[in-house]
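Each of the next two complexes has chain A plus one other chain: chain B in the first, chain C in the second.
Presenting the complex of A and B:
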């Protein structure tokens, strides 16, 4: 059986003022491959200005239900890596706060400093208290791989989706009207 | 780690099941990590993986027409649409993976012929008018089903559906536009459009699956909020939207029993040929073998790309160390 490599969770930022949001995952051999695949899979439409990828094993997740039961489940690879509490390090915190219909999962809310993912979760629970969270993701900050923020890369990665207007349903707005109103003749639509 | 997938023999099963069903009743989404009945998980893996396979195989009937698109604009649209289907397959495999099934296992099931996918893709695309008709009818039927599934109780599946519906509306519209243009075109174009509608109408109606009375999984799927509408309800929505539009375009539908029912506001259809449906499901459709062969060939032909990527990643790691 072929390997499909590791799974990487993908976070997309729609505009500079919005948080990175979990959109789904890709399989890839390394971080660069993961970012490139993430771009092809998740940025075929506007909007995007930046993408992050994190290997699935580096994500520590808790749902509200799990927290209530104090049965945190952890990525096993990390447990094996850190049997002792490590020195203070930085963790990226993501959370989901609504059951509303959405195409994204957890949003990035900020960073905390902690000695372990469990401690980072405690910090997050104490820090981000404005609204109740339904799911938390905690990721060591150095495990987050980011797309190149230079203007050149942002343009070449994300501008083409904006220009391909034929992927937008508004492009076909005229066919929303009653068909009897159509005066269009035979197809010669590439001369426009 | 305690088992998150409950079975009826668990001591606390009934209590947890009641809490789980109450959550669904309140409109909450079930997320990876939450407790769920093993049967809920099993049904979701079955549905989502079949759905993912359908997106992947769905590229084949249309992909074959990319080189033969009549204009540059139509070619760009078709490339974008086929690329979308590849992406939709990825979204759905991701959703299934959150339930603990591996990408490798799902791909293996598809390539070995063990897995099922939507039977609609086992019909041939004979003319360019089929491409428009697939967009209008096949994607139209898929969107009806997917809009229903976007409301489902499992978070990852619901989110994949919301994203897919947002993108797929363009597939539907470009197809409808093509067929309407042909319907107003030359006699040859009108004849091509009519012929394509004649061939795709019934298979499109079969896409929603057997009648409610013959759909064995429906009861549990409805109770747990996976399906929020029945097969026949979704089918009726599809017919009510598409039948009048097709007739309005001056085309006909291959159903002598089709009529508008004033009392219910529904377009009533004649009997569906379920023998044909089951024959295609069982692998005896016009294109089952060709589709699987094309999928395997694509996988094998891509082996060198996967090997190269892996070799590159290995070397980068070696350099880094």
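Presenting the complex of A and C:
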């Protein structure tokens, strides 16, 4: 029996005007549990206003290299994965655009309507053309689980983290201060 | 503030802080040992928050009598602590720890909800701030009770066992300390009787919906915060050892 919980990708939004960004993953038993653990793991100190989680298996991803292989190949996989045309549904589109920083994020860019993840990718490629993407993540919108947007939840989940200076190293003067400061004290003690 | 009111308030703040310190230390015993990394981080986070709350209550006491919170936490003997017995019980298994945290979080959230209206402004402000965190803790432990209760036969059995053990102990959270009636009359702290009523309503509903049975015989119910189990001595011995060994602790 596989006792490992599923993996969930976590998307954190730092301010209302910024996109949700992939920040890492958690293991959890269900969507609500994933959101709760995500909040603890990824929003303890930094600022945040909202969180989404998506089960890793529900993410369809393509890298730039995979896309370069050929359009024909994509058509093939489209046929293999979607033998029957499905009704039009909504997909969330995420895109990674940089390798430069140590923390490079996959950002939410918007939604498209399509009959399959592959078609959603084609829509995304045609819609979000402002900058080159290194990789694309396509997720059925109903598989994106969001933290409660009510003011009370936003406050209890995210506001306290900002005020908790005691969770930062520099709060503890002894640990944060240079070791030489304390060595001097001990040498004096030894001389006595 | 009349002196007898002030003394009662000092005692109440001490009781609040002592509960948080000991519960926090019990939770911290899971650090590095929780069933999964994410929950290890989550519980360490809760432990740190509860310790933060303790420092809020000790801080309010300091404003009244100038006492040093570190002295109170690290240099008092077990007999001087005023925590409930519930929080000093050994951490047990994950079900035991999650249930205790749930019962405590629910009590604390409901108490704070009322304490926001305290006639003593520093307490009202503190309650407002602490409540935001407590709401999140409660969501987390509320979710765990549901998942363990409705999970497997084994998880339900362990949670039921924890409930049978803790239900009586938890009632001590609602026993007023000597002099508390003065504070209630002044509107400084909420009446525990009404907090208990809401706590019973919420906890009974959630525990039963999670497939648990409330113990018919509630068992031992501690009544005075001057009495403790033997477990308080051992937890303090560990918690206070570094401070007592080297109060400055600046060189290592």
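Annotations
In this text, the second predicted complex is superposed on the first by the 147 of 192 C-alpha atoms of A that agree within 3 Å, B and C clash if a C-alpha of one lies under 4 Å from a C-alpha of the other, contacts with A are read in each partner's own complex, and residues count from 1 in each chain.
Operating definition for what follows: a contact is a pair of C-beta atoms (placed from the backbone, for glycine too) under 8 Å apart; a residue touches a chain by one contact, two chains touch by 3 or more.
Bear in mind that the values here come from a model prediction, so they are computed numbers and not experimental data.
When the two structures are aligned on the shared chain, A:156 is found in touch with chain C, with no touch to chain B. Judged by the touch definition given at the top, the superposed model places A:41 against both chain B and chain C.
Looking at the superposition, the partner that touches the larger set of chain A residues, chain B or chain C, turns out to be B.
In the superposed model, A:26 makes contact with both chain B and chain C.
Legend: residue contacts after superposition of the two complexes on their common chain; A:145 is shown touching neither chain B nor chain C.
When the two complexes are overlaid on their common chain A, residue A:134 makes contact with chain B while staying clear of chain C. When both complexes are overlaid on chain A, the residue A:5 reaches chain B and chain C alike. Under the contact criterion defined above, the residues of chain A that touch both chain B in one complex and chain C in the other are 5, 26-30, 33, 40-41, 44, 164, 166-167, 182, 185-186.
Residues 1-2, 27-29, 31-35, 70-74, 76-77, 80, 83-84, 87, 90-91, 94-95, 97, 102-104, 107-108, 150-151, 155-156, 158-160, 162-163, 166-167, 169-170, 173-174, 176-178, 180-182, 184-186, 189, 245, 248-249, 299, 303, 306, 309-310, 312-313, 316-317 of chain B are the ones touching chain A in the complex.
Within the complex formed with chain A, the residues of chain C that make contact are 36-39, 41-42, 45, 48-49, 52, 55, 129, 131-136, 139-140, 143, 147, 249-251. Within the complex formed with chain B, the chain A residues making contact are 1-5, 7, 23-30, 33, 40-42, 44-45, 61-63, 65-66, 71, 73, 96, 99, 101-105, 134-135, 164, 166-169, 171-172, 175-176, 178-180, 182, 184-187, 189-190.
Contact residues on chain A toward chain C in their complex (touch as defined above): 5, 26-30, 32-33, 36-37, 39-41, 44, 152-153, 155-157, 159-160, 163-164, 166-167, 174, 182-183, 185-186.
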